[in-house]
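Next come two complexes, and both contain subunit A; in the first it sits with subunit B, in the second with subunit C.
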Partner chain A sequence: MLNFDYRRPESLDEALSLRKEWGGKSSLLMGGTDLFLAIEEEVRRPELLIDLKKIRALSGLEEKDGAVHIGAAVTYSELIHSDLVHQKLPGIWESSRLVASVGIRNSATMVGNICNAVPSAESATPLMIRDAVIHITSASGSRSVPAVEFFTGPRRTVVKDDEIVTSISVPLMKGKFGESYVKLGRYRGEDIAQVATAVLVDENWNYRIAYGAVGPVPMGIPGAEAVLKGKKPAADLIEKAKSEVLNTVSPIGDIRASKEYRLHMCAVMFEKAIDAAVSRMETGAPAYGARLI
Partner chain B sequence: MVREIEFTLNGYHQKVSVKPGEKLLDVLRDKLGITSAKYGCGKGECGACTVNLDGKTVRSCLMYAVEADGSVIETLEGFQRLGKKEIQEIYQKHNAFQCGFCAPGFILSTDELLSQNPDPDEEEIKEALAGNLCRCTGYKNIFSAVKEMVEIRKGRES
Partner chain C sequence: MEDSEKKVFRNDAVAKVTGRAKYADDYTFHGMIHGVPVYTDSVHAEILGIDTAEAESFPGVRKVLTWKDVPGEPAWGQIEHDHYIFAREKIRYHGDVIALVVADTRDIALQAAALVKWELKELEPVLDQKTALGAKSNLVNEKFPGNKVTHHHVRRGNAEAVFPACYKIVEREFRTPFVEHAYMEPECAFANPLTDGTIELYGTFQHPFSTRRYCSAFLNRQFADFVVYSHPTGGSFGGKDDTISVIAARAALAASLLRVPVKILYDREWSFRESYKRNPYIMKYKYGLSPEGKILALNTYMLSESGGITSTTPWSTWRSTAQCAGPYVVDNVHTDVIGVATNNVFTGAMRGFGTPQVNFAIEQMMDICAEELDLDPVEFRRINMVRQDSITITGQKLDSHIVSMEEVMDKVIARSGYLENVKKSSRGKSDSDELYGTGLAISYRGSSVGAEGLDFAACMVNCQFDGSIVLDTGIHENGQGAQSVMMLALAEEFDVPLSRIRYNRSSTTSIPDSGTTVATRGTMMGVSAVRKASAKLKKIIRETLSDDFRCDPEDIRFEKDRLVAGGSYSLTWEEAMHRMFLHRTYPFAFGEYKAPRVSWDDEVGAGDAYFTYVYSCNVVELTVNKKTGKVKVIKATAGHDVGRAINPELVKGQIYGGIAQGLGMALTEDLQIEGGKIMNPNFNKYRIPKSVDMPEIEAIIIENEDRTTPSGVKGIGEPATEIAAAAIANAIYNATGVRQFSLPIKLEGAAE
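What follows is the complex of A and B.
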């Protein structure tokens, strides 16, 4: 059995001072569904586990000052059962339903998902396309980092050893918009993405497009956004945008899918994701959560 | 670093000494005699280790016992005492398990589903049970058991 100490602070200040004292020797524990396995497999060898689950200040999920604020303790089950998330952050709601299974979603948190920072992280791309901001605190101060700048490599983020991610803010959209999150798994139910595509379109035909699991970090596709900008998607534009996608992504082949298959599906899923987002903005259908692939 | 933790287990107050690295599943099985929760994949994918913690199903193989300090835990062993035995009986009636390894997890997930959604459709049943794997039945009998449970409870209410 692994040998580490365990603390469960009840205030953020207490957690921050533990973090300051222990630094890189500490690991932050929330749902634990990823961290537990990282410790089992000795990818992480913390000397201290700081369990943040009892810190009330991290449990908020609310709309305030033009944004939805998601606390670090908010689980995927809470997000899925939230009308606020369903109505205001439908792409995040849609993607949250695809995270693992109920028994994992009851524990796992969105903040934990992005801090674990695997390239297929379910919440990475839906947060990036909504210009979400990650709030990070340490004993010496706080900072906010845009989701697009949060990921620095596989399992690497900008979070430092003395810091704690406290919440995520997702700005509300003005006017009509549509979103979609398309995930390629081997089967329905429990699986991580081989390719994930997230799209946002607004009533002025501005697009945001991001891909997960096809590079070392989740990535936006600004080239494709520029091709489509200001226009309703037509076949020739889609083809041009698609080639921008394929020029940007850099998938690997691994146990779950070959590089060639991932590239092929990047193109297939691009059309499906754009179609769904545009159709949702214009007609409200297909409903969020419907199968898109 | 041994510490004493306390929780409510199937309606009874429990105290147990654990080290921080001890899994909740191991403590339940080896120290408290709760053998309905099984070690399956050890990665949270198969659902065999499912227990109900503070009203929600969790993977006891992906938790340290210290995390459960102060919580309320239910396992299949408590179902009779907690008045939930009928889900087991319906599973039995439908032959919804063969080897039985997965059954406690399925029954706990069914209990959670029906407590949140008394009238789930087939898709909702499948989604709620997607994190529990069964290698014997092919799931058909499991789904029919859950559907009958829904009908029985609906009939009771009307």
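What follows is the complex of A and C.
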């Protein structure tokens, strides 16, 4: 049975100084839905838990300066119930609805999800395709890291032991666009993704494509983006782009799916995700949140 | 009793919905201490030594128990005595416990458990049934040469002589997996030593009397030295017998040695590791058919994995044997069912008890045979199914009850639209990504334990002089509503409102052993005992009050909460009970019910296996996505002839749950065992169906009141789950055109 200390600072400064003092011996607590399991299974053995829930500065969810800012304390349920997110970040809204179950979503946060950094992290790919930026602070200063550079390995990110992720900002799109997030679980009920695909397309036929659960980190597929760039998708382009996807991803076989099945589904889901994103941009259908697979 | 009362009744509903029901871990006693089991990481090894010194000197540890502390039998069991309270010479599976650390707190016990050391000589793990059977050396248990723990057979007619003359021979092999019960409440037991030397036991038991037998054997104490209490149990499905009884005995042993209350609470992963599962089967089925579609001969050969402990494998395999042909008349049958020991997790009773496995094979074979003969599968079943006065494969004439196989099948077919839907089935071809299929399966199931055990039950009706009534039966409530059913039956007998009746929280010392709540017997046996006790009590009341009525005792009737006779004179129920007081006669009766005779001759493999049968039919509709390989069950229609439905909504509840459990076995539940170790011992990786995985279910209750027992009931618990996987498998074939020979069905590999 693991023993640890527990602090609940009321300001970010106080939290940062604790973080500076304790470094890697500390773990940050927000929703706790991943952390407590990790502690119970002794994947993590913190000596100090820094509970961030009392820090008001982390709880913002607002549109400002051409971006939507999502504070570290914002839960998935808040995101799902936000009109701002539904209208401006429909892909993120769609993916948030697929996180675990209501009980978990009431507690779990998006920042927690990306900091936990499992390859199947629900919010990773929708943030990557929107060029989201992750804001990180320490006692000695702040920095911002693009979502595409945030993940460094399974359960590893660029966040250092003395740092805290305070928010995410997602730039607003100009003009028409369509997004899609396709998640494949083993069952209809709550499950971690076997494969996840996120696609963004804009009115100039620029594409952003990312995959989760098919490599050590969530990954963008620049090869496929380049193939499709500037063009409306046609069957031959899709085939070419699909092979770029399959050349980029590197899935493993595990208890949730075999490697072969994951590869097969990367291709199947690519078409579904492109179809949905393009159709949403052009016709508004299928509605965001509709079942895509 | 008002009809409105009858629609839904649960005496425990409010307590459970509001969270006030007390389960085993909710009980706590002053001075209570805690026990934690110690496992090795081996699945097959000789034990050379166990060193508890360091753990015992850990601050807060009271004692570390091993086999050396056991005063009675080292091993016990329902059939074979091979379940060790603490492993002694050998480790036989990953869940074998070598010690119990007892400490002031659970935390201390957990820490100290890591300090127990052992020395083992590793042995080659025996992990495969086929190679295990017949092995000459490296046996799981020396008791069982060739690792064979049981062997049942049926020899009827002469199948081998008939096969050569058959028009068609159809032969296939099927496999079914380990399945976890997934009861909501994991194992918990605690023992409280009383000053007179008796030991009280609380815990999540499906049969307190079974727990008492284990405790008695291990502690070398008589039955009356234990008081095992009934209290709310968070599900069982057959799974709360052997394992929890052994855990309870460890608590009892610790409590008797230390003279303080001892609790043992399992977490889910220990529960997965140590508790028994559904027996996996490997089944060869060979049918010989006539051109007209008559089954002329059947040969089956099955292996049923028993794992490291025998448990009830000899009984569940007997049921597989007696029901190996399904609800069909076959004159030439040659069946062998063999239980095989391995070092995998042991297997035992689980809802269905040897039939979900054989039905998975039989009901697919029916569809396969029909297709081979170019016959409609429903017509093929009609040609061969049991009817009134048919002779079963074990030589039993079905004349004790109404044989309603065809009625049940026809009702489910009509309600589900099976005949039209089956024509729409995709058989692998569709314009969209979705393939559609519907599948049907039927069964008959012997009610109660049949010839595997002695079947009797007790009931006490204790009317109070103010008119209230205390009811007690020996049938244990596992969470399915057994108490409510007995109360309804009693209210019906005397035509009194349910509000008069309280169900007594019984114990092993307050009522005689009425057998375990298994085998779909609870309602049938319990209500029969209620009826016996009620008849006795009516006689007592009538004889006592006939002078008051100035009539013959038989003329007094119990109507609408009153006692009435021919004339204008009548008594309210309260008045009647008060009169009983004035007569100084107790309105109390003890009723006992003995089930009708059954028989089995193990030499010939024949007999009157069960005294009555439940007839069942499931139809399932589903879609398979060609591209993803995902299966979505969209509708299930289930019909069962339950004899009589005493609490119809609870019957439906049993049917819904049965479909859920069958769906899990068919599609989602995949116990992964590597080297004898369970790799997914929790619900994050072992997936039972969630609400969104469930289809719409239409439950059809068919009532042909049963003549064999006073209850009129035949039961529903196990029939509700025993054909769901088979129907799903047939539906998947009709959707995809590809047969599924093993469970759980995984189509991801076949996604296009």
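Methods note: the second predicted complex is superposed on the first by the 292 of 293 C-alpha atoms of A that agree within 3 Å, B and C clash if a C-alpha of one lies under 4 Å from a C-alpha of the other, contacts with A are read in each partner's own complex, and residues count from 1 in each chain.
Just so it is clear, contacts are C-beta pairs under 8 Å (C-beta built on N, C-alpha and C of every residue); 3 or more make two chains touch, one makes a residue touch a chain.
Worth saying up front: this structure is predicted, and the values here are computed from it rather than measured.
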Remark   = subunit A contact check, subunit B vs subunit C, more residues touched by chain B
Inquiry  = Taking the superposition on A as described, I'd like to know which of subunit B and subunit C A:Y6 touches: first, second, both or neither.
reply    = first
Query = Touching A:L29, do we find subunit B (first), subunit C (second), both, or neither?
reply = first
Request  = Quick one: classify A:L172 as touching subunit B (first), subunit C (second), both or neither.
outcome  = neither
Inquiry  = For A:I293, using the defined touch cut-off, is the partner it touches subunit B, subunit C, both, or neither? Pick first, second, both or neither.
reply    = second
Inquiry  = If we overlay the two complexes on their shared chain A, which of subunit B and subunit C does A:M265 touch? Say first, second, both or neither.
reply    = second
Request  = Have a look at where A:R188 lands relative to subunit B and subunit C in the superposition and call it first, second, both or neither.
outcome  = both
Ask   = Thinking of the overlay built on chain A, is A:I255 touched by subunit B (first), by subunit C (second), by both, or by neither?
value = second
Remark   = Note: overlapping subunit A surface for subunit B and subunit C spans 1, 188-190
Request  = Would you pull the subunit A residues touching subunit C in the complex into a rising list?
outcome  = 1, 184, 186-191, 255, 257-258, 260-261, 264-265, 268, 293
Query = Can you list the residues on subunit A that touch subunit B in the complex?
reply = 1-6, 8, 29, 32-33, 36-37, 40, 49, 51, 53, 77, 100-104, 106-107, 188-190
Task = Please name which positions on subunit C make contact with subunit A in the complex.
result = 107, 110-111, 625, 627-629, 632, 668, 672, 679-680, 685, 687, 689-693, 748-749, 751
Residues of subunit B defined as touching subunit A within the complex = 1, 19-22, 42-45, 47, 50, 56-59, 62-64, 66-67, 69, 109, 112-113, 127-128, 130-132
